[in-house]
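Take a look at the structure set out below.
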Amino acid sequence: MDMTLDEITISRAIVTDHLNTLIEYMEMDVAVIGAGPSGLVCAALIAEKGLKVGLIEKKLSIGGGMWGGGMMFPRIVVQQEAKRLLDRFGIRSSEFAPGYYTARSVEAVTKLAAAASDAGVEFFNLTTVEDVMIKGDGTLSGLVINWQPVEATGLHVDPLTIGCKMTVDATGHDAVIARQVSKKCGKPDIKGEGTMWADNAESAVVAHTKEIFPGLFVCGMAANAVFGGHRMGPVFGGMLLSGEAAAEQILKRF
Amino acid sequence: MDMTLDEITISRAIVTDHLNTLIEYMEMDVAVIGAGPSGLVCAALIAEKGLKVGLIEKKLSIGGGMWGGGMMFPRIVVQQEAKRLLDRFGIRSSEFAPGYYTARSVEAVTKLAAAASDAGVEFFNLTTVEDVMIKGDGTLSGLVINWQPVEATGLHVDPLTIGCKMTVDATGHDAVIARQVSKKCGKPDIKGEGTMWADNAESAVVAHTKEIFPGLFVCGMAANAVFGGHRMGPVFGGMLLSGEAAAEQILKRF
Amino acid sequence: MDMTLDEITISRAIVTDHLNTLIEYMEMDVAVIGAGPSGLVCAALIAEKGLKVGLIEKKLSIGGGMWGGGMMFPRIVVQQEAKRLLDRFGIRSSEFAPGYYTARSVEAVTKLAAAASDAGVEFFNLTTVEDVMIKGDGTLSGLVINWQPVEATGLHVDPLTIGCKMTVDATGHDAVIARQVSKKCGKPDIKGEGTMWADNAESAVVAHTKEIFPGLFVCGMAANAVFGGHRMGPVFGGMLLSGEAAAEQILKRF
Amino acid sequence: MDMTLDEITISRAIVTDHLNTLIEYMEMDVAVIGAGPSGLVCAALIAEKGLKVGLIEKKLSIGGGMWGGGMMFPRIVVQQEAKRLLDRFGIRSSEFAPGYYTARSVEAVTKLAAAASDAGVEFFNLTTVEDVMIKGDGTLSGLVINWQPVEATGLHVDPLTIGCKMTVDATGHDAVIARQVSKKCGKPDIKGEGTMWADNAESAVVAHTKEIFPGLFVCGMAANAVFGGHRMGPVFGGMLLSGEAAAEQILKRF
Amino acid sequence: MDMTLDEITISRAIVTDHLNTLIEYMEMDVAVIGAGPSGLVCAALIAEKGLKVGLIEKKLSIGGGMWGGGMMFPRIVVQQEAKRLLDRFGIRSSEFAPGYYTARSVEAVTKLAAAASDAGVEFFNLTTVEDVMIKGDGTLSGLVINWQPVEATGLHVDPLTIGCKMTVDATGHDAVIARQVSKKCGKPDIKGEGTMWADNAESAVVAHTKEIFPGLFVCGMAANAVFGGHRMGPVFGGMLLSGEAAAEQILKRF
Amino acid sequence: MDMTLDEITISRAIVTDHLNTLIEYMEMDVAVIGAGPSGLVCAALIAEKGLKVGLIEKKLSIGGGMWGGGMMFPRIVVQQEAKRLLDRFGIRSSEFAPGYYTARSVEAVTKLAAAASDAGVEFFNLTTVEDVMIKGDGTLSGLVINWQPVEATGLHVDPLTIGCKMTVDATGHDAVIARQVSKKCGKPDIKGEGTMWADNAESAVVAHTKEIFPGLFVCGMAANAVFGGHRMGPVFGGMLLSGEAAAEQILKRF
Amino acid sequence: MDMTLDEITISRAIVTDHLNTLIEYMEMDVAVIGAGPSGLVCAALIAEKGLKVGLIEKKLSIGGGMWGGGMMFPRIVVQQEAKRLLDRFGIRSSEFAPGYYTARSVEAVTKLAAAASDAGVEFFNLTTVEDVMIKGDGTLSGLVINWQPVEATGLHVDPLTIGCKMTVDATGHDAVIARQVSKKCGKPDIKGEGTMWADNAESAVVAHTKEIFPGLFVCGMAANAVFGGHRMGPVFGGMLLSGEAAAEQILKRF
Amino acid sequence: MDMTLDEITISRAIVTDHLNTLIEYMEMDVAVIGAGPSGLVCAALIAEKGLKVGLIEKKLSIGGGMWGGGMMFPRIVVQQEAKRLLDRFGIRSSEFAPGYYTARSVEAVTKLAAAASDAGVEFFNLTTVEDVMIKGDGTLSGLVINWQPVEATGLHVDPLTIGCKMTVDATGHDAVIARQVSKKCGKPDIKGEGTMWADNAESAVVAHTKEIFPGLFVCGMAANAVFGGHRMGPVFGGMLLSGEAAAEQILKRF
C-alpha cells in the first residue's frame, strides 16, 4: 500500500464537509431529538419522503437504551403487531413464543441507524438541546443547542440556535423538551411515567404520540411520560410503532 | 392496536435466548476484542466464512472512536486505497479532493456493525477482558471476562473464562490484550504509539497486522501501538484494511 | 493434589445453574426485598413451609445494617421477648442485664442467612428493584429488576420483570418499594420515621407489620417508616419478630 | 409485645461487650487478615482447637469475593478433591459434570462464617491493617490497625497496635501484608499473579501455602500472588484446601 | 533516652481509658453539640460548676469557624462588651479602634478549648448526632450518635444512644439539632438566618439564647438561625456572650 | 446589650492587623512547618527565647494527628521520660501502668498551641509550602508559600516567597520539605519510615532530630521518615522530646 | 540581563499594594458584581466619571460567558444598534449581513476589561459575594465577601464585609444578588429567564435594567432573569447597551 | 430600541466566520501554545510583522497564571529591565522600591491579549494539543489538536491536525509540547524546574529561550523547565523578555 496523505487536507475535508452541513441544517424541516428506537424510526420515515431531517443526540453514540437489551442480556423482544417493522429494516428475529419475537439488540440499533442514514437523515451527536425558541406566534420554531461536553464540564459557553418547522421529542423517560417547554410556558402538563404494565403501555404509547404544543410532537417513552402512561421494559414494538405514528402525523403537515 | 403482553414471557425470552448464545459461545473459533472499525471489519470478514466469531466490547455501544469524526465534526476521511471497503459495506462517500473521500461517521459505524451482524458475528457488549488463559502449551486459548459495570464500580466479583482458538486484539491505542500478555509473559515487547504521520501510519498499520504471540493477532491502532507505528488521526482507510488483513491471516489457519 | 480442571466447564456450570434458577424464579410465590434481619427471618419462615421465595438484595453481601453492630462495635442487643428467635437460629447470646442479651453481629447475620438458605430461599444479590408491576386488577404482581452496578454507573440499560404473588418490603428506613408505589399510585401514605424511642419502636414495628397495598407487605424498619413509628437503634428483637409476623400473615394467604 | 427498653443500657451493653473483647484480643494466638473463603476456613480450623483467633476484615461484611459467584451469577464451583470441605461445613452442592460441584455463593459464604463463629473466632470487621510490628528478633509479632472509614476519608488519626504470635495473610490478590513486609524489610519477594490456568492454580495454591517471613503465613490467592502462581476464577476448591493447609501448619507450631 | 515501651500496653491504655469515659458519659448532665466559640464557652462555664458536660463535635478538630478569622486572615474582632470574656480566658487582644479589639484566631480557639478541658468538659470529636431521643414525656432526653467517618462514607452502621438531662444546640448556621427536632416533632419553627447587620445580630444572639423545646437550648449562630436573626461575620463578642447566657440559664435548672 | 458596630471597621481591623503581621513575618528567624505536637513544642521553645517564629500549617486547624488519639479514641500515651513536658505545658495526665501516662488528646493539642501563642509564635494556617528558596550560597533561606485552598482547587495562582534564617520540617510522615529539597538538590537521601517498633522509634526520633541540609532541620515523625526510623503509633513522648531537641539545636545557632 | 532581585521585596510589594487597595475599597461608591460584558461596560462608564468602582468576580479570569462565543466558535455577533459601543472600545468587527456584525470573542472581552482598567475600575477576582448587608434603613449598603476557593473547598471560614453606596448585579442568568435579597427580604420577585427569542430579549434587557431594591440595580442577563425576559444567545448588543443604561442611571444618583 | 433579530443569521454568522478562520489557519506560519504572558508577547510581536500566528490555549480564558497575582493578591511585579515592555503595551505601573514596579494583574493580562489581537493574532481557546506531527524530515511541522472539553470528559473522539512552520511551547512549568516530543523522539532532554531563586531565574529564562528541536522553540517558564532553571514567582519581567526573545529569533527565520 503506497499512500501520500496530507494531514491538512484531511482536516479541511472534515471541517468543511461538516460545517457546510451544519450551516445547511440551521433551517430544517424536522428536528428529532433523541436517537433511540422511536426517534430513529420517526426520522427515517420522514426523511425518506424527502424532507430535511436532523437527528440530535447528546451521547457520542446513537441508539439510546436499546444496546443493553434487558439487564445487559443483549436481546430485545418485539410483539406480533410490530414484526413488520423489524422486517422492513432488515432486522432478523426468531419466534420465542407465539407472538413474541427476539432480536439481537446490537443488530437492531445499528440497522435502524443505517436505514435512517440511507433515508437522508443527518446526525448531530454530542449535541444537547439547552432550550427552545418560541417567538411571537407561540410556536416552537427553533432549538438552542450546545456541545454535550461543554455542558458536562460546566463551562460557561453560549449556545447557538437552529430553526425547525416541526420538532419531535424522542428523549425517552425524561421527555426533556416537553419538560423544558412546560416549565417555561406553563404547558403541557407532564404527568410522569407509571408503573410497569407492558401491554397497556405498548398500546398507550401509540395513542399518546401526538402534538402536545404548537410545533412539538412526542413519541416513544417521552409520550408515555407526558401522559402518565405505563412502563414496558425491553419490549420494543410500541417504540417502533410510535416512531412510525409520529412520522405519519408530521408528514401530513407538509 | 390490541395486545396482550406477558412481561414474564418477555423476560424469559431475553434471558433464555442470550443464555443459550452465551453457553454456545463459551467455545468459539475467534474472539475479537474491541468493536471499533478494524475489529468490526475483521469480525465480519471471518464470520461470513462460517466461523464462530464473538466480538467483545467494554462499552454499551459499538463503534469505538469512529462516532465522533474529527474534533466532534462527525465526518471521517478514507483514502483511495480503501474506498472499495466503504463501497463493500454500502457506506456512501463523496470525493473532497483527489483520492480523499469523506463519509458520515454515524453511517460508517452502523453499517459496519450491521454487516458484522449479518455475517453472523455475536456481540458481547459491556464486557471487559480482565486477563487471558494460557495453559501448558503456551498458547493463548481463552479470555477471562467480566461485566464492565462490575469493574467500573470496583466490586469484588470473580470473572468467567471463555475459550477461543484465535484472538484478535483490536482495542486501539491501549492494545489492552497485548499489554496484559506482555506484562505477565514477558513478551511481546510493546513499543507504544509514535507521533502523527498519517501516510506512514496508514501503511504501517497493515504491515504491523500479524500474530504477535501464539494465538494472538493485533489489528488497527493496537498494531501500531505494539510496533511503535505513527498516529493517523481521523483517516480510516488503514483501519479497514488492517481489519481485512487480520481476517485473511486468521482464515488461513482454519 | 492432582486436578485437571476445565475452565469452560466451570463457566458453563455457573451460568447454566444460575440462569436456570433465574428463569424458574421469574414466577415466584413470595419476593422479599432487602436481606436485613427482618427480611431474612421472613423469607426463611415462609420458605420452610415449601413456598418458592426469592430474596432480592441490592448489595453484593447479605445482611443489611446488622454487620456493624452499634457505632462499629460489632455487637447487637436482643431483648427477652425475641430471645427465642436467637435460639431458634442457633445464635449464641449472653445476658448483659436482666432481659438484655448481646450477640455477635457477624454470627447473627451469617446464621440467619444460612438458615434462609437451608429453608430453600434463593438469593438474588446485586439486584435492584427499579419499579413494580401493577396491572388491571390493581394488585402488585411483579417487580422490575436490574443489576445494581448498572444503576450505580448510570448506564442506560432496560430492566426485566419478574412475577410474584406476594411481595415484602424489607428495605429498612427507606421503604423503597412502599415509596415507589406511593409515588406512582397515590397510596399508601408514607409518614416517615420518628425520633429514637426504643421500646415504643420495638412494639410498634410488629404492630405496623401488615399488608399496605394489595399484594405488598412491610416488615422491619420499613414498617415503622411507613407508619411514622420511632427508631430503635441496635436492638434487634423487633426486627426478628416483625419478620416472623410478616411470614405468618403471608402464609395464611396461601 | 410489652417491653420497657432502656436505650442507655443497650448502648452500654454493646460498648462494654465489644471493648472487653477488643482488650482481650490485643494479645491473640493467631490473627487472620481477610475474611474470604481461605481465611474463614483457616480461622475456623485453628479456633476449633482452642486457640485464640481474630479475623480482621476491612469491609463491613464478611466473605470477600465469594458473594458474587462468577460475573454476578451467584454460584461457585468446587472440584472433587475439596467436596469433603463443602460437606464438612454443611454447604449443599450438586454435581454439574463429573467432578464439578456447584453451590450457592450466599450459602457458602454464610455457612463458612457461621462455622468460624461457632469455632470461637472473633471478627473485627471495618478494620484495616496499616502496618506490622517487627521488633528486635525480626519476627512479625503484631499488627498496626485502624478503622477502615478513617482510612477511606483520609483522616489523620493514629492507629493502635495488637499483638499476635502468628499471622496469616489471606487478603487475596493484593497480598497486602506480604507486600507491606516486603516493601519495608526487603523480603519476601512478591512475584505477582499469573494468567488464568485453573488446574495449575488450584494445585499451586496449596503448595504455596507456607510461612514466608518469620511469623507470617500466606494462604488463598495471596499465596499464589506471592509465588507467581496462576489465577483460577470462580472455582473454590483450592481456596478451601489452602485455608485448611495453613491451619494445619500453624497448629503444629503451638 | 532509654525506653522499653510495650505497644500492647499503649493500646490497652487508650482503649480502656476512653471506654471508661464513654460508658460514664452515657448519662450526662449537659450535652453541648458543636465545639465552636459559643459551645466552648457554654460547656466550660457549666462544667466549672461541677456538672458532667460532654462536648460533641463532628470534626476531628475543635473550634468550628473561628480558626480562619475573616477571609483566611487569622484575626477576630471582639467588641467592648465582651472584652471581659477574652480576658477571663487569657486571650490577648489589642485595641484597633475605640471599642474594637483584635485577637489571634488560633490563640482564641485553643485557649477556649484548653479552659473547657480544665473545667472538666469531656470532648467527643469525630462524632455526629444523627437523631434525638424523645420518649413519652415529650422531653429531649438523649442523643443518637455515630462516628462521623461512618456517615461520610455512607456505611450502613447503626448508631448508639446516650442520655442527657439538658442539650445545647451550638451547631452554628445549620442549627442541626433544632432542625431535626422541628422536622420530626413539628416545632420549633426555624426561621433561618437573615442578612448581614452586625450590631443587630450581636444583640439578638444573646436575646435568642433560650430553651426552644423541652430540654433543648440554642446558643451562638444557631440561636439567630432559629429566630431569623441577622449575620455578624468575624466579630465574636455575641458568640461568647451567648455561650455565657446559655450556661447561666442551664445552671439555674440544676 | 447595646452595641453600635461598624462592619467596615471590623473588616479593616482584621485585614490591617494580619497584613502588618504578614509583612513583618516576611523575614523571620525560624519557620516551623507543620503544627503537630513536635512542631508546636519546637516553635514554643524557640519563641519564648525571643526569636521571631512563624508556624506554617496547611490545614485550617492546628494540631496535626494528635486530635484523634488512637483509632478515634481521643486519648494519647506519654512515657515517663517525657512526662515533664506534659507537666510543663499544663496537660493533665494519669498513670495507667508504671511509666505510661494517658492524657486527653484535645487538651494536649490545645494547650500546646496556647503555649506557643503565649510564647509569641505567629500562626499561618491554611498555608502550604510549595517550594523552597535556595540562592547562591546553597542555604535554604526562604519558603515559597501559597494558600491551601488554591492548591486544593488546582487554580493557577502564583505563590509568594518569605525569608527565614532557619527552617524546621515538622510535617510528619511525609517530610514534605525534606523530600522537596531532596528531589531538586539531590540530597538529603530520604529513607522512608520503617515498621512499628515503639521504643526503638521513640529513641530514634530524638537521635534523628538534626540539621539535614544547610538551614533545614527535621523533627518529629519527619525525622524518622528521613532516616528510616520506625513507627511508634499513639505514644507521643518522642514527639515532644524531638521538638525540644530541635529547639535546643536551633537556639545554639543564634 | 543582569538583575539582583530580592524575593522578599517582591512579596512585600504585592501584599502591600493590594491590601492597601483592599482597605481603601472597603468603602466604595459602586460595587459591580460579575465581570461579564454588561458588568464591564457598566463599571467602565461609571469609573470614567471619577467614582470609586470595584468589580467583583468569582472566577480567576474576567469575562464571563463571552470567551467561548457560540458553541466554542470564538465569535460574537452585535447588532447595528450597539455597533457604536464596539467602536468606542476599539473592538474590530465586520458586517456579516446587513445589521449583523461579528467580532472575535477574545478581543472583545480583553478590550472591555482593559478599558475598565484604564477608567480606574479596581478588580477583585476569585471573590464571591456570600450575602448582603442591609441595616436599619432597608437599603443594601454592603456586601459580604469571601474567597471563591474557600467556598469551593467547603472550608468553614468567616467572610468580611465591604461597604458600597450602590450595587449592580451583573451576575448573568443566576442573578445571584437579586435572588439572595429576594430570599431573605421577600422581594423583589424573581421571574426567571424565558425561552430563546433574540430580538425581544435584546429590547427587554435594556428596559429591565433598573433599580430593583433600594441600592441594588440589575443589568445584563440578570435583568432578564429577574423580570422573566427571554434568552438571546451569542448576540451581545443588549448586554453592552444594558451595561451602559445601568451606568447612566447610577451616575444620576451621584 | 427596535430590533428584528434573526437567530439563524446569528448562528450562521458565528459558524461561518470561525469556520473560515479555522480552515485558513490550518496552515499557519507560527503556532504559539499557551496564552500566558510570554506566549502573548511572543505572538503579538511576530504577528505585528505580518506573519500568520495562531495562539492555542486549552482554557476558556486567556492569560494563564497572571490573573491571580501572588497568592490571590492581584498584583504583579516587573523589574527595571522589562519596564519598557509594560510601557509598550500600555500597562500602568508604579514604583514600589527602586527598580521594582507593581502593576494590576487584570490590566496586564487583558492589555497583552488586546495587543495581540490588534497585531493580528488569532486565538484558538478551549483547544488542547494532544500530539505533534513530525514527518520524514524530522521537523515538527504540525500539531494534533482537540477540544479541551473532549479531553476533560474522557470522550473517545479523534483529533485534527493543523500545519505550522514554527511552533513555540509557551505552556509554562509543564512544557507540554517539549515533554511530548521528548517522550516520543528521545530528545530534547527535560531537566525540570529548580527551586526559587528569582534573579537567577529571570536571567536564565531569556538565555534558555531557543530552538530545542527542529521547528520547536521554548519561551517563558517552559524554557526554564526544559533547561533546569530556577523558579521566580510573581515577578514577570523575564516572562515578557523571553516572549520578546522568542519572537526575535523566529522572525529571523522568515
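Letters A, B, C, D, E, F, G and H mark the chains as written, and numbering starts fresh at 1 in each.
Note that in this section a residue touches a chain if its C-beta (ideal position, glycine included) is under 8 Å from a C-beta of that chain, and two chains touch if they have at least 3 such contacts.
Keep in mind that this is a model prediction, so the values were computed, not measured.
Looking at chain A and chain D, the chains that touch each of them are B, C. Using CA-based centroids throughout, the chain positioned farthest away from chain E is B. When the contact pairs of A-G are set against those of C-D, A-C or A-B, over half line up by residue number only for A-C. Judged by shared residue numbers over all numbers used at their interface, chain E and chain F contact each other through mostly the same positions, with over half in common.
Among the other chains, the CA centroid farthest from that of chain H is the one of C. Between the Cα centres of chain B and chain C there is a gap of 43 Å.
With centres taken as mean Cα positions, chain H sits 40 Å from chain F. The set of chain A residues that touch two or more partner chains comprises 7, 10-12, 14-16, 19, 60, 67-72, 126, 133, 142, 147, 149-150, 155-157, 160-161, 196, 198, 233-234.
Under the contact rule stated at the top, the pairs of chains that touch are A-B, A-C, A-G, A-H, B-C, B-D, B-H, C-D, C-E, D-E, D-F, E-F, E-G, F-G, F-H, G-H. Taken together, the chain H residues at the contact with chain B in this complex read 131-136, 142, 144-147, 150, 155-161, 181, 184-185. Per the touch definition, chain E reaches chain G in the complex via residues 64-65, 67-72, 194-198, 200, 231, 233-234. The touching residues of chain A, counted against chain H in their complex, run 7-8, 10-12, 14-16, 19, 22-23, 26-27, 60, 126, 133, 142, 147, 149-150, 152-153, 155-157, 160-163. Listing the residues of chain A that touch chain B in their complex gives 1-7, 9-19, 59-63, 67-77, 79, 81, 90, 92, 94, 96-97, 100, 102, 104, 106-107, 109-111, 113-114, 117-118, 122-126, 147, 149, 196, 198-199, 202-203, 206, 232-235, 237, 241.
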